[in-house]
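One structure is given below, encoded as structure tokens.
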Amino acid sequence: MTETVVGKLIETLAGGAPVFSAWVGMNEPAVAEALAREAFDAVILDMQHGALDFAGACQSILAVALAGLPAIVRTPVGEFATASRLIDAGAAGVIAPMINSRADAEAFAAFAKFPPLGERSWGPRAALPLSGLDTQAYLAGANRLTQAIAMIETREALAALDDILAVDGVDGVFIGPADLSIALSDGAKWDPRGAAVIEAAGHVVARARAHGKYAGMFCYDGADAHAMAALGFRLCSIGSDGAMLRAAARGELAAARGTPAGGPAGGPKTY
Amino acid sequence: MTETVVGKLIETLAGGAPVFSAWVGMNEPAVAEALAREAFDAVILDMQHGALDFAGACQSILAVALAGLPAIVRTPVGEFATASRLIDAGAAGVIAPMINSRADAEAFAAFAKFPPLGERSWGPRAALPLSGLDTQAYLAGANRLTQAIAMIETREALAALDDILAVDGVDGVFIGPADLSIALSDGAKWDPRGAAVIEAAGHVVARARAHGKYAGMFCYDGADAHAMAALGFRLCSIGSDGAMLRAAARGELAAARGTPAGGPAGGPKTY
Amino acid sequence: MTETVVGKLIETLAGGAPVFSAWVGMNEPAVAEALAREAFDAVILDMQHGALDFAGACQSILAVALAGLPAIVRTPVGEFATASRLIDAGAAGVIAPMINSRADAEAFAAFAKFPPLGERSWGPRAALPLSGLDTQAYLAGANRLTQAIAMIETREALAALDDILAVDGVDGVFIGPADLSIALSDGAKWDPRGAAVIEAAGHVVARARAHGKYAGMFCYDGADAHAMAALGFRLCSIGSDGAMLRAAARGELAAARGTPAGGPAGGPKTY
Amino acid sequence: MTETVVGKLIETLAGGAPVFSAWVGMNEPAVAEALAREAFDAVILDMQHGALDFAGACQSILAVALAGLPAIVRTPVGEFATASRLIDAGAAGVIAPMINSRADAEAFAAFAKFPPLGERSWGPRAALPLSGLDTQAYLAGANRLTQAIAMIETREALAALDDILAVDGVDGVFIGPADLSIALSDGAKWDPRGAAVIEAAGHVVARARAHGKYAGMFCYDGADAHAMAALGFRLCSIGSDGAMLRAAARGELAAARGTPAGGPAGGPKTY
Amino acid sequence: MTETVVGKLIETLAGGAPVFSAWVGMNEPAVAEALAREAFDAVILDMQHGALDFAGACQSILAVALAGLPAIVRTPVGEFATASRLIDAGAAGVIAPMINSRADAEAFAAFAKFPPLGERSWGPRAALPLSGLDTQAYLAGANRLTQAIAMIETREALAALDDILAVDGVDGVFIGPADLSIALSDGAKWDPRGAAVIEAAGHVVARARAHGKYAGMFCYDGADAHAMAALGFRLCSIGSDGAMLRAAARGELAAARGTPAGGPAGGPKTY
Amino acid sequence: MTETVVGKLIETLAGGAPVFSAWVGMNEPAVAEALAREAFDAVILDMQHGALDFAGACQSILAVALAGLPAIVRTPVGEFATASRLIDAGAAGVIAPMINSRADAEAFAAFAKFPPLGERSWGPRAALPLSGLDTQAYLAGANRLTQAIAMIETREALAALDDILAVDGVDGVFIGPADLSIALSDGAKWDPRGAAVIEAAGHVVARARAHGKYAGMFCYDGADAHAMAALGFRLCSIGSDGAMLRAAARGELAAARGTPAGGPAGGPKTY
């Protein structure tokens, strides 16, 4: 039954095992659907650095639902009204980048949660049928059903981490390791798995746990996701559609030409 | 002549009779055009809780114009720059949700009106041909031609109602009854025609009239719109594309199967 | 489970009760999905006289699947390669207009059925996941799963009816009553429920039954579908998206203005 | 009133003055609308060599109607079912390329005209509102309202010219001068204004007139259209959207840089 | 320089090394572009069994050109007019499925080649800039530049192989192994690498070579393409976008969960 | 080589000659590509008053790159997150309208520049391949490669001009003459080449030069751009797609009808 895909995300999170999610940057529902037909727990659609626009994200949420999975959407920086619209469109969660302060976190939560927790406006256009709930039940349950996830990816965010985690309407945090590495090096280098990020990562996992919440991490491939889950991250994305497709192509081309395979690590680093 | 569709909205408002408007949430100009071919006074396109994106709203404005009607667009919360772009695209009015204070109202008006009333930027791309005016006449007339309508749907908004109505560039107010019922019940229930909303509605109509402005209301069907017009609302939307389509289908299916008809009230409440 | 929506059509047909189907002419998956959430047995997407193009039909098939229903697509006249592509896209059936001879019927069947029945080419892109079958099982079952339905809507077609019904790969026939009335009146009038059509209808039902196949009919509303089912038609479409939407709007507008309702019969006859 | 745009084409043709038409190859309604706001008599949308697809052509027909003009669509070679769909979509005429024989002409006419003249199927989705007629009046008038225009652009076509012109459902002919020059030179050169084409042109004009029909010509710019109208062509297209845009840009760039202007003739010859 | 991407295909073919091509079934230029940024020799866009429509194929050709590669498009069965339009759109080659006879091959060639070889109509909209040639040079060179490739995938096609290869305007042939296996087993099984197909493959390679032309083969992955190139196939596609993406995801998910990897062979067989 | 189109803008600026740019308001990559094939130095895509949406702007950036030119995008007022996304999409520059204060300028720069200059988030999706750089080189070079250009178009902006120019992450300023004329006349008139604007223009050029930065101007045609370049403006746009197309059409129509040409100045003033 696709009718309860919205609820699957909190179910999986409640189970305690890490949530492994696909990551989609292409503005095409067929890409999201193809990935959703594999054994991921969720699919993350990226409107910040990916090519998805609002209409494409809405269609992709439905394509992911058709395959039986919940979708999470990362919005552009500060576009909290878009977060509301995506929850209406059936997203089981939204990830807000660059949440650097309690004020940022509160503004985000205000758009993600109904009163009294926030100020989300009523209009669950596509979410209602995907939730399997009726009107009043959806109103009562939506604040729990749809996850609001704040990205931690600057010095300011690390400094305000407890403040951000203390905001009621924020359900979890998610590290943006590329930006964090750039921030921690004052713009000097892209180093998402350098010591500075890894040290911060441990801190974020610990503080999230202390607040009874979860931490997630952008991961570059399956092995990386395995390692990050071992560090305590409970929402781990795995690579991206474009990177996986190009890595797979490199491998097959090497086989076709009978040359040594260039590994998945060889492509451009657009995340 | 479609060339003056932009001006039809203020003409109808000036006439004093209630403006009955269709309400469109689907991102497809043919839906808007089909409704515009019936005897509505205007068509409202919903970008807040509907599926419309910017490109879809622009195309729908033209489809509505082709059928001879003015279009009004509801923008997402706080997206006032989008309001400007939609007026450029030929919208005869914009509805801004969640206007909760004089500051909100002023920010909205700044984007909806040219100097000296506001700070709207010049660029009436599609509006100019739909207005039937030349450059200087459009500059002189646009502030009156294109209506800026502020939604009243929280306790804060009710408290600031006179302040909001006092802002020069705000032409009317519009009640969001679902949100207002949720706000007035502190998140406890969706009850858009409960006593609390109806009491507030009377107050809003009275205050709008006192300011020489008009009040509008989201209405759930024709009978509801009739009742709300009787309360003094002058801009009454009627149902929504999706709700009407599904209600009609329910009725026809019942006739096909020879079973008792489930009425229009039976569907999901996504507004 | 949406995974078996392709199979639902033959299941319902096998049950013996009439299949009541929605009819969609708008090129927007949300329209198809909205109708699919009501209690229809199937949704017909019209590429002949509707606005759907190939991409829109593909998306609409998935939107209908999300709501749990099988989709049938009517193709443009003679575009049998498109029929193949739509079956690949997950259509549970295709309706081919203007099948006027055994040769027409065979050409259609060649594109709709795998060898040895026809010459359909392998590539069930979206159909495979929607069928719930694996590769060999789909190859073995597809000719039964996906229905090929020939339209009878000219004098030639009536004359060749037994020839058409005798073609193995044709599963059923479907009357186009507007065209049939025009043909039978030599272009003089649109009269889809006139005596000439009704007489032909009875003949088509009888001959289909004699061949162990079924007959369908385009119906103008629920009452009409009820009547046609009583005549023995087993696939009855009900109105169209645009006609239902406009009829509903007319009714609600009448209620809003307090005027007598114009019934559903009042709109333009584009079918 | 846009409601009668479909009828404007035959009105202008009846007036006797040459019909000067814009020519659009870009798949964007705003291009068609921009041209339709200038003083053309019609806008031709090119699906054969232009980028328009079916959905884009449908939207462009409406955009042209909004500006008050009739649209004509050139279909791909042999796609007569598409011609029918475009007439349903509101086209006032269709141009079929590569009509080389009476059989080609009859097949085209069969899809463009209702019985008894042809076999066009009923379903004037968007055409009905744009025609301003009701159901029976549209059925009675459509064969005259919507023009079927056959392209003459090969040796075979010239040889069969009287046969083609004799087909009842063919209203006019239209020369494709680039293809005709290639055909007449056996593939040796693109020479659309060479002596061979001009000689054939005179013949086509004369034969069309003898049959009481009209001849049209693809023209490369305004001066060319003026000259061709003087030869007796009554439907003259003028340049193309892309060529005009690039020529205008070349002129403005020359002015900006203070260099001598390269004239409109300098661009690539994609027609 | 992207301006000569059209010419790259014949250059690579002339070099004698096998042409390894990506295979794209998703209607999204970003997918084609991502693959084109890897070291393929060409990208094949599939309109027959893939989701691409005409507009998507046109955009994808340009996206592939941006990355510096030539694009080849497979059209739906019998849609030769579409082949012409895609060559106009910049395709360096077209693959026509189900060419079963000399008549099929001649009809295909007529649409792919200019006179005197065929009857392609002039209008190289996007092809002209991508070819780097001027008008007359393009007319003179296009028949060589743009490859027409006929699919051999039935018993009839095998029987007519020499006839098909003898058609001047056919440049190469391409085996559809899934369909061929179904045909050779009279519909009994999908077995694209079974003995019957492999035996036929050798014959096709030999006959193509005897005619001074080349043979291609749909290949399921890199190792398969390597093996087929060793058999003498000179145009080998490698997997498909969807299959590669899903296989890559399966591998990464296995790594993430620490489970044994399911290999690329595990997915659904939609080709 | 298209791979370095992003870098071309700063190269041309460094050369000292004025940058003449096309201006595109239509949401169609083919329009942008057509203009990019003429001898402009850049193409500006307008999301503020033009019809472009995010997806259209992304596609247009690639279409412009295919023709070898850098693209600059003007965003809607205050949508700085969109500016970031467009730089990720390959824009060589972004123009932010209505920058009226140092705070506005700093907020804009924060989204346009990586740390330590700003807070742009890592994710150069399409920009990386168009830049021709690898990961670390792009991080090091992007702040210089991608230009952030602030619009000066109000009294407030003129008053804060030195403050705005002093912001490190702002590379240049650009005058919006229509808005500036409206602002300077307190809403009384559209007069983009009136004395008040021209006087301010000289001041802006001088102050930009004093800060070692450049000034740009919206220009109405080539002659206007020539004149503005003579005043010291180094980034001059020329007309707009829509205005050039309509002016060209007017000219050709006049030639066709043999009437005196209405000049380019005759159209509607939507800029």
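Letters are used for the chains, namely A, B, C, D, E and F, taken in the order the chains are written, and counting of residues starts over at 1 for each.
Note that a contact is a pair of C-beta atoms (placed from the backbone, for glycine too) under 8 Å apart; a residue touches a chain by one contact, two chains touch by 3 or more.
Predicted model only: the values in this text are computed from it and were never measured.
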{"item": "Rotation, 0 to 180 degrees and nearest 5, that superposes chain B on copy chain D via CA atoms", "value": "180"}
{"item": "Chain separated most widely from chain A, comparing mean CA positions", "value": "D"}
{"item": "Selected pair, out of B-F, B-D or D-F, that shares over half of its residue contact pairs with A-E", "value": "D-F"}
{"item": "Chain pair, C-D or B-C, that carries the greater number of C-beta contacts", "value": "B-C"}
{"item": "Chain centre separation (chain A, chain B; CA means) in Å", "value": "34"}
{"item": "Interface hub residues of chain A, defined as touching at least two other chains", "value": "27, 37, 51, 53, 55, 129, 242"}
{"item": "Those chain pairs that satisfy the touch definition", "value": "A-B, A-C, A-E, A-F, B-C, B-D, B-F, C-D, C-E, D-E, D-F, E-F"}
{"item": "Touch list for chain D against partner chain C, complex", "value": "53-55, 58, 81-82, 84-85, 88-89, 111, 114-117, 119, 121-126, 128-129, 134-136, 139"}
{"item": "Contact footprint of chain E on chain D as seen in their complex", "value": "25, 27, 48-51, 53, 55-56, 76-79, 97-98, 153-154, 176, 178-179, 182-183, 186-187, 189-190, 242, 268-271"}
{"item": "In the complex, chain E residues that touch chain A", "value": "20, 22, 26-28, 30-31, 34-35, 37-40, 51, 219, 221-223, 225-226, 229, 236, 238-239, 241-242, 244-258"}
{"item": "Footprint of chain E on chain F - complex, ascending", "value": "1-2, 29, 33, 37, 59, 62-63, 65-68, 129"}
